[in-house]
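Each of the next two complexes has chain A plus one more chain, namely chain B in the first and chain C in the second.
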Partner chain A sequence: MTEIRFAILDEDAKKEIRRALLKAVSLPGYIVPFASREMPVARGWGTGGMQITLSIIVEEDVLKVIDQGCDGSVNAVNIRDFIVAATGVETSAHTDEASLIQTRHRIPERPLTEEQILVFQVPYPEVLTTVEPDTGRQKQIHAHREYSRLWVLLYEDTAQFGESRISNRYPVEVNGHFVMDPSPIPRYDIPRLDNNPALLLFGAGREKRIYAIPPYTRVKPLVFEDRPFLVESFPGQCCERCGANNVFLDEVHGEDGVHYFCSDTDYCDNHQKRTDHAA
Partner chain B sequence: MLLDIHSLSKIYGQSCGHCLDETGERQGRSICPQCGSVVAVNRACLQIEGDEILGIVGESGSGKSTLLQLLYRDVEASSGEVFFHVIKDKKNRPVNILDLDMLQTARMRNEMMSMIYQNPRLGLNYLFSAGGNIAEKIIGAGEHRFEKIRNRVHHFVDKIELPGTRVDDYPDTFSGGQQQRIQIAKALSSSPNLLLLDEPTTGLDVSVQARILDLIKSLQKEMGFAMIVVSHDLGVIRHLTDITVVMRHGSIVEYGLTDQILEDPQHGYTQLLVSSIL
Partner chain C sequence: MSYVAVKGGIDAIRASRSLYRKMLAGGFFGDEAPHPTQLLAIDRIMSEGALYSQQLARQAIDEAGGDLLEAAFYLRAHRSTCRRAGVADPIETGDIRCMRRISATFKDIVGGQVLGPSSDYLVKLFSREQPDGEYCPPGSAQTPVQRLPSALGELRKQGMIMVPEVYEESPFDITRYSPQSPYPRSALMQMMARGETGAMLAFAYTSMRGYGDVHPTIGDLRLGMAEVTCTHPFTGNRVRVGEIRVTAVETVGAFKKDPADGKLRLATGFGFCFGFNETKAIAMSILDLALTYPGYSIGESGPAASSEMIMHHIDGVESMGFTNHFKLPHYVTFQADLQTYARAKKHHD
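Let's look at the complex of A and B:
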């Protein structure tokens, strides 16, 4: 008895997670509790995303795992190796080849398709925690869309600093109802949640919560009507490796100054190949 | 007419069914002798016009504050009806506000009715700045344009004579009287039709009391909302109100023009109350 069960989780656990996913997809942005099984890694290290991935993965899937846009970072490699060991699926670093992508805090630069599922790892699923610690009242606020306290935070930042100080986890309104935490993706990725053709699933293992944005759903950031929503911009900068200048860049501080590189390594590789071809 | 209260009651405890008859002014008690329930408000009936200022006086435990809390729906009523004539159903008939759901109640509180508590800690959110507190009510009333919100916040900060430079400071950094004024600004920022005040100046020193009362009075003249003021301080009642009701053991025992009640009290308890002013 040495063989590992396909995708580690027992069938009841998978069923329970899939049921939570169905509910989450039916109520875009609504936070659904789930049991969150023990995983072979500690909670808080992507167990929510892993459980979603493991409960929906099939043998035909091609898996891609990224951490801050990078396929090669330690966490991404370990999670990918683990899922492959438990399922034997194909993997790819290429966004266009993958059918199932597990991500930590980025959306791949290359536009996703209807055939793809993007699974987010979420540390803090409840957007209201900062303004209302009581979980019972949080539910009532969501039910009645009484989000004025989130707006007050936005008001205070705008009054004092000219715009919101939130750099990641920017609150978004989904399908005109629930306001949700989009996981710590940068602001740059927020407009890319809107009307996305892919199914977007969010899993918080430590907090035992699942939520979802179905394909082609309206997603808009909480922003005053007379103020624009600003995203990160890198004026005059481009990736030192591939030369791309219309993507989200990582800022690397070295002894010889600041360097900029693509955050999405797959995009960087492709772009470099294309420019090499052209040259 | 703005507010029409019919036979409003609040019983704390398992009522035996006779509580309302066994308590009240005539019985001289508010605890039901049969079941021990406390009748905080006993079949109160009141009517208020659109720009009237009504005072409620009475000893502690007479049900004054509970009556306000029932109107603001901080506390669920046991029985009775309250018609608030700015809230109407589809057939344009006034709705019993005791039947409103949570969302409708929130709307009522954000747009039509405000409460000022004795303790500013109950009315203000200390995690938000003074301006944020005032903005919360404006946002709650549906305004999502920053410039409009900011202008309105500054308008009310001016009104309560707070320096405009302190608008983004937190309530903790203000004095007690200033905190109370911020609470007033918050309550009025959504232009309510009815303002409820629960001992608004108790606990403040006399000079601050006078300024806050003057502020409330001038804002009322300017904006033209109705008020219900609960106080055990007859000076506050005399200064602010047109009409006064006297409560004892949960019942309303006397009702009339404020001058009349203070100069010529009819009910024995009111006579005692008026004669015991220091």
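Let's look at the complex of A and C:
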């Protein structure tokens, strides 16, 4: 077997993905098809994000990979090990040290900067899938910005349950134009997409789609004017480890009852350090 | 090897069984032969993995502990590291050196019914006995491989078979461009050539038994060796790359008005894959028939006639990958689910 090249993908593939990325950045929220390659991890396990990361990564990058907010999660460990083996780049668990962050299901708690790129792993890139599975008709709906069926979906839920049942992958309008699937991040992370200084890139390997939110772009959840957009909250709870009470918490059911911990482990470590210093 | 009528083919059937056992005993395909009892597994994953390499396929089966979905995935992952060297010349099915070629449309065809090595005529009971031994019927050809015209050639010559209009200058390549609806036929064909055998079989089966109206007749099924050639990128000469095992099949469907001239013609579907895999090739030809001529069928709206359905749901690496990803943690999304559930419950109950 030949020696593995830098970032494993052949150069034509990288070029193609970079071109798709440029188009995606130019048209915020627009879904760009690309010829997804198989990665040594199965499609559906983050290969879209991985292909973006491998196409844009350079030797100077410091890489952070998280799953559910955690650097130590199996998926994050696998992907990080693989990218390091294929590139030799430095890694860090600290959000502020990383130049390139690949994530599944979360946005780090610490605000991102203009110097950072956040790459999302995406299972369902098409926000319309639940209301229109035909990809040809999906394109027409986006072209006409005819999102009434999404609104009907939201309305039906609101009429029955008081609000939409969509807990994650909540539809967002990007730059006042396309409606987009933000990947399965919780509602808590939706407002944090808005006007974010970092470049946000989304890759769906199995579905062969790439899209993007450029820095400082308006991102709004699809909600009725007279209804508030409710996000997850944990009233009366704080992280048992670091004491943080204004972040997304993991609920852990133990024999001795329910415990709460920060979902973002790096945030938790830092917050604990700061608390220790203060004490 | 050949037999004139389906009756009286006892000699041919005994020879076919003998040949099949010989194929699984090894040495049948020359020095490159892989582990012979894994032959059809290797063929299946070379096709689903979209990479013709018997050595790597065998290695993949070992790495995957015999899980063929996983083994095909090894081949696909390896492909991603390889730069494209060039594009091979089209393979003419008439040039395939056939080891087996049968037709269900006519009793007698040019070149005869060649049973070749097949498990079709075996009694599926565990047995160490090999009653046919090294059976070679009297008067049969010494070499089991030969070039044969399509059994549908005569019908085609008489203008009885529909020729689909080709809108594409060159075939679509789904490995370089993500296909967009409406899908060109070549994109669907490529997807199916790489498709997972079981998935394609299930979709094809729906169209045969209730969710479609495809009554296929196998016009020409052939298994054999196809020569692969290409134009050398530097010298510009036509060079022979090697020879591959392939399966090709044409099935005949219903007839309808040909939009080209309004005359009645028969529709056909085509199936083709790496290696010997009759089930997959036949399923592909049925799906091609259902997709290309949906108007020929009352089951136009059945799943097998939906290009969206076939394009996105027959790839083993994709469907297996996504199914298994549900083992990954979903703490965050489930936490979010529980909170919307709690709020809805409060509102509703």
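Criterion: the second predicted complex is superposed on the first by the 276 of 279 C-alpha atoms of A that agree within 3 Å, B and C clash if a C-alpha of one lies under 4 Å from a C-alpha of the other, contacts with A are read in each partner's own complex, and residues count from 1 in each chain.
The rule is simple: contacts are C-beta pairs under 8 Å (C-beta built on N, C-alpha and C of every residue); 3 or more make two chains touch, one makes a residue touch a chain.
Not measured: the values here are computed from a predicted model.
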Touched partner set for A:Q160, first chain B, second chain C, both or neither: both
Touched partner set for A:P228, first chain B, second chain C, both or neither: neither
Chain B versus chain C as contact partner of A:R149, first or second or both or neither: first
More chain A residues in contact - chain B or chain C: C
Which of chain B and chain C A:P133 touches, first, second, both or neither: second
Chain B versus chain C as contact partner of A:G257, first or second or both or neither: neither
First, second, both or neither for A:G236, with chain B first and chain C second: neither
Contacts on chain A seen with chain B and repeated with chain C across the two complexes: 160
Chain A residues touching chain C - in the complex, by the definition given at the top: 2, 4-5, 8-13, 16, 33-40, 42-45, 47, 67-69, 73-75, 104-106, 123, 133-136, 139, 160-168, 184-188, 206, 208-209, 230, 232-233, 248-251, 263
Contact footprint of chain A on chain C as seen in their complex: 73, 76-77, 79-84, 173-178, 180-182, 308, 312, 317-318, 320-325, 328-333, 335-341, 343-344, 346-348
Parts of chain B lying in touch with chain A, wherever the complex brings them together: 102-103, 106, 110, 125, 127-129, 131-133, 135-136, 139-140, 144-150, 167-168
Interface residues, chain A side, partner chain B - complex: 131, 140, 143-144, 146, 148-149, 151-153, 155-156, 158-160, 224-227
